[in-house]
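What follows is a pair of complexes built around subunit A, which joins subunit B in one and subunit C in the other.
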Partner chain A sequence: MKYDKIKKTLVDFSFILPALVFFLYVIIIPLISGIQFTFTDWDGMSAVKHFVGLKNYRTVFHDTDLIQPILNTLLFTVVTVIVINIAGLALAMAVSKEFRGINVMKSIIFMPLVVSLVLVSEMWMYVYSDFFSLLGIPSPLIDRKTAMLGLAYMSIWRETGLAMIIYLAALKGVPSYMYEAAVIDGAGFWQRFKNVTVPFIAPAFTYCIPLWLAAGLRQYDYTYIATSGGPGHASESMAYYIYNYLFPYDKVGYGQTVAVLYLAVCIGISNIVTRMLRKREIEL
Partner chain B sequence: MMRTNKRNILTTIRICVLCFVCALCLAPFYVALCYAFKSKSDFAHTKLAFPVHLYLGNFSDAVHLKNFFTSVENSFIVAFFVVVIIICVCSAGAYVITRRNTKFYNTIFYIFQLVILLPFQTVMFPLYKELSRIHALNTLWGLTVAVVGVNVGYYVFLYSGFIKTVPRSLEEAATIDGCSQYQTFFHIVFPLLKPITMTVTVLAFLASWNDFIISMIICQKSIKRTLPLMQFYFFGEYSSNVSVAFAAALLAMIPAVLIYFCAQKYIVEGMTAGAVKA
Partner chain C sequence: MNKTARMATKTALLAAVTAACMVFPGFAAGGKKITGNSSDSAQNISGDLNIIHYLTETAKLKALDDMVAGFKTEYPNVKVDVESTSMDNYQDVIKLKISTGDAPDIIFGSCKTYSDLITSGNIEDISNQPFVSRIAPGVLSNVQLNGKVYGIPLDEMANVVFYNKDIFARYGLKIPHTYSEFIAVCRKLQQNGVTACAAGYQDNISVGANFYTIFFGAPYLTSENYAAELIGGKSSSGYPALAKSLTQWREIMQYQNTDRKTIDTDRAEQKFANGETGMIIIGTWGLGAIMNYNPKGNFGGFMYPSEEKETDNAIPVATDDTWMLVKNSQNRKAALAFCEYMTRKDVNAKWCATTSQLSAISGVTVDTFPVPMKDIAQIAAQKKAANWLSVGTFSGQYDTTWYRVLQDYAITDSLSVADFCKQLDKEFAAAKK
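Now for the complex of A and B:
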């Protein structure tokens, strides 16, 4: 009897084992050894690492170079979260009523999502340099003030279609009699939107906002491919800053320390925002 | 009468706005096509005017570039194995997580989900060191392992959302008929998962096909580069001859676009799963 139970537990476990092995090997073990590196001054290559205790953590809090990447990342995240969600919802409402050609339009708006980030960045670099110059507008990527917004626009272009598709699926779930009832009660467009649509699609907000929040905080590829952080440090994101310390600068101990703190902040922010949205969802 | 008029005007505005948005979505592709289909001297004169004479020289230059087909092959190999491994390990893992529902499995599931938020930079360097220790740098299998590991959490999440909707009665019947747990899973449950398996296939393929940062760290060597990485270096090396780089990039995009148009339904289902409560 006992033997049977053990066997059953083992069989159960064998189902999850392969997934767990990949996960442990690629994520958890590197995460743990990464945390160990934060207490050393390792350069990433030499055989010796010196234990330096909490020195790296103290350095982080005095590192003024960090301010710019933090501000850049926050700017990118705030702009992309707001614009992608609002534009996605607006487009979803615009395409929710059927008419001829609507499916073609939906396909076109959603299509940028399958383009690799490399090609997105390259295409936009040339749109900015060639097309904008025809209009007499300088490329946003060469100006310190607008470089990050130029990158944010690439992300908005690529991902608004996804937001549209998600909100559209949510809108389909709103029962039409609710709108009819609202119209009979004399509710205008704005009131219908606020009192019927928003409460019904609240789960979609709870899904979408943290999704793009996490994506924005992790932004790396656009910076690396399109601007290499420039001009100056004007478009450096946190992820790019960390990358520089880990690879080109050979300061693994410090880079890994920033990475670990940054992970904690990412998870913290996402959790707080998700919790707030859940709470709102219930209140609505 | 006034009412219908007003509604017609609104519909017209709506369609105009949508057309404008579509144009915005297509504009960068147009620039890329202009570069790819015009010879260098033609581009210097006509810039972004509509390409009247289709010049195919850039495409033939692109396919004759060193390593173009090697990269295509690398990308296909990695994407194939990533998809196969993800389907096998994630469906089985999600099955036992949803069906057992004990504290142990729920904890694993929770950790899997947390990692969806994890920035790759946090594990990048230790993973690089570990793969270099076992001589897996610049190998396709090393890249495959890394891509699978990074994506496992998300696809277990997608699978378990679907498995919750599959009734248990068939599995119970199979157990009574004397099927072992493995037989039940492979003969009864797995075939029922076909819709979500299609979605996972498409999404995992695209994720692997378009992945940049993981390949950048693991496969630097030019004969092991995947397509996005090759594109990245092309644009760097051919900055004086962007046309060829764009031609190569557009060719590399074809499989992804084909899959997009054939399997749009599955992409949409996968992306919206979890966002909308059933």
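Now for the complex of A and C:
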């Protein structure tokens, strides 16, 4: 009996073994190996690396230059998570009813997602430059106060379609009799949304919010292509800050230290938010 | 680097890159690869010669293709792979290649700007190679670091002002010889509804083209060691010439296209080539693209007059297209043969004629330049020149920071010279962490 249980466990484990080996080889082992650089002053090119102990870690905790990229990243993340989810849900509710041309509309809203991040950045740089100037509106990318919001809008434009599809799938799972019962009970739109829709689509929130939370925290592409972190450091994200130290600045040791610590912070935030959402899902 | 060290470095960098990839995507940068053909005829030198560059101008790409074709005719057993990547991620690609043991044999780039590659021991000292004697003595210091030669410059660039002769003639304008005259020309053009100068500060190329033209002439000659001194901790506010140049730049911006902050160099060149502006402040490297956009354009060139006394002005010059040999190259013989080949007078003359650039090789003259380049060649030969790459410039974090603060100054009208200096000093101090 015990042998059978062990055998069954091994058989089950064998199914995930190939993926586990691949994950270990591609992600975990390099990640752990990378930690060694945090104790060096390696420039990324030299054959020699000098051991510097915990100097890089001490520097991180005294590095005031980190404040701006942290604030920028938080702003981008908060704006994109809120707007993408609200807009995605609103659009999903709008297109959840069947009418003529609805599929074309869904395709149009979803279409930006198939465009690459680089192309989206390049396209919006033109929109901000040429189209906005026709309207007499200055490009948000050249103003310190609006640069990060300009980048966030690129992300919102691209990603809202995906949020719409996810929420639409969740909305399809809400039993229609629940709405009918709510209507009979005299519930208005807001009450139906709050007491019927939201509880039933809670798993979609658990998926969508951490998804764009992680995307916001690791935002790099829009900054790299559209602003290079400028004006000044106004649109420098944490990922771009790390990139600068790993490549242009020739300070792999320090860049890697920030990367490792930031990864730990990101994992922590994602974990906390996911747990909170799951807990809320059960309560609802 | 021996094989073991190479492997260790390769594994180490793979780990670093993978860890970084977890934090942000789009990390890996690739390049476009063009593979040449090899011939079957026997020669002493053989192997795969790998060359990497970031050239994009049509004329320069043609010049490189011609040079590689000529080399392959003479060395048919050498297979030449030319890889190109964008200037934006060029350094990243080079560093990744070197660190992962996939270094090319020949790297395009200025020895001074990429001095971090030299100081990290990745570029070969070619001081004792016979072909080094072919480099014009006046520019040898541009490819030297600590007295050793690390690069082969094929040509020289000058930072100048190109102007539209038709527009100048229409409004009765003459070439300005002092700063006041230059501003008067700008004002006259503006009064007649013509944008005086084209610029596109969305990329750093135009930022450099404008500011370097303004600063690296006469002002630079009063502060040749500025780079080393600023890195050493001296405040940028201690350079009156720098402040003067920044002030001039700010004034000139008033006469540049209103969309200058949101367009790039290409579009600025198009504006000038199409006759939308009367002038463009740029390096001679930009002339190929301008002529390409408007081959029939009636253009001329003149020295940017930063001073109020004509004879005090100086034209900024520097070596441009430079190639470096990677240390311990696996195809060293072929790489050295290529270096020798490109420094030959006939080969270099063809390069310079195609690229419309002044030669950096002794005894090479080109008489097929387009008119604007002829103007500049004459000025460079007759007037005072400031070779701004002979002493030293920024590299690594200092180079990135320098350009970022310059770009910030270009696109933020409210930034004063004092703000610029304060920001630069703060960021240079932070670079020491």
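What we mean here is this: the second predicted complex is superposed on the first by the 259 of 284 C-alpha atoms of A that agree within 3 Å, B and C clash if a C-alpha of one lies under 4 Å from a C-alpha of the other, contacts with A are read in each partner's own complex, and residues count from 1 in each chain.
In this text, a residue touches a chain if its C-beta (ideal position, glycine included) is under 8 Å from a C-beta of that chain, and two chains touch if they have at least 3 such contacts.
Owing to the predicted nature of the structure, the values given are computational and were not obtained by experimental measurement.
In the overlay built on the shared chain, the residue A:212 is in contact with neither subunit B nor subunit C. In the superposition on chain A, A:91 makes contact with subunit B only, while subunit C stays out of contact range.
After overlaying the two complexes on the shared chain, residue contacts for A:153 are found with neither subunit B nor subunit C. Of the two partner chains placed around the shared chain by superposition, neither subunit B nor subunit C is touched by A:76. In the superposed model, A:220 makes contact with both subunit B and subunit C.
Contacts of A:65 after superposition on the shared chain: subunit C is touched, whereas subunit B is not.
In the overlay built on the shared chain, the residue A:44 is in contact with subunit B and with subunit C. Subunit A has more of its residues touched by B than by the other of subunit B and subunit C.
Overlaid on A, the two complexes show subunit B and subunit C touching the same residues of subunit A, namely 26-27, 29-31, 33-34, 37, 44, 117-118, 130, 218, 220-221, 224, 239, 242-243, 246-247, 252, 255-256, 259-260, 262-263, 266. Put simply, subunit A touches subunit C in their complex at residues 26-27, 29-37, 42-47, 49, 59, 63, 65, 117-118, 125, 128-130, 133, 139, 141-142, 144, 218-221, 224, 228-232, 237-240, 242-244, 246-252, 254-256, 259-260, 262-263, 266.
By the touch criterion stated above, subunit C contacts subunit A in their complex at residues 1, 5, 9, 11-20, 22-27, 91-92, 95, 98-99, 116-117, 120-122, 202, 204, 258-259, 261-263, 396-397, 399-400, 404-405, 407-408, 411-412, 423, 430-431, 433. Contact residues of subunit A toward subunit B in the complex are 8, 11-13, 15-16, 18-20, 22-23, 25-31, 33-34, 37, 44, 91, 94-95, 99, 105, 107-112, 114-120, 122-124, 126-127, 130-131, 134, 157, 161-162, 165-166, 169-170, 173, 203-204, 207-208, 214, 217-218, 220-221, 224-225, 239, 242-243, 246-247, 252, 255-256, 259-260, 262-263, 266-267, 270. The touching residues of subunit B, counted against subunit A in their complex, run 11, 14-15, 17-19, 21-22, 24-29, 31-32, 35, 47-48, 85, 88-90, 92-93, 95-97, 100, 105, 108, 111-112, 114-127, 129-130, 145-146, 148-150, 152-153, 156, 180-182, 185, 206, 209-210, 212-213, 227-229, 231-232, 235, 242, 245-246, 249, 252-253, 256-257, 259-261, 264, 268, 271-272, 274-277.
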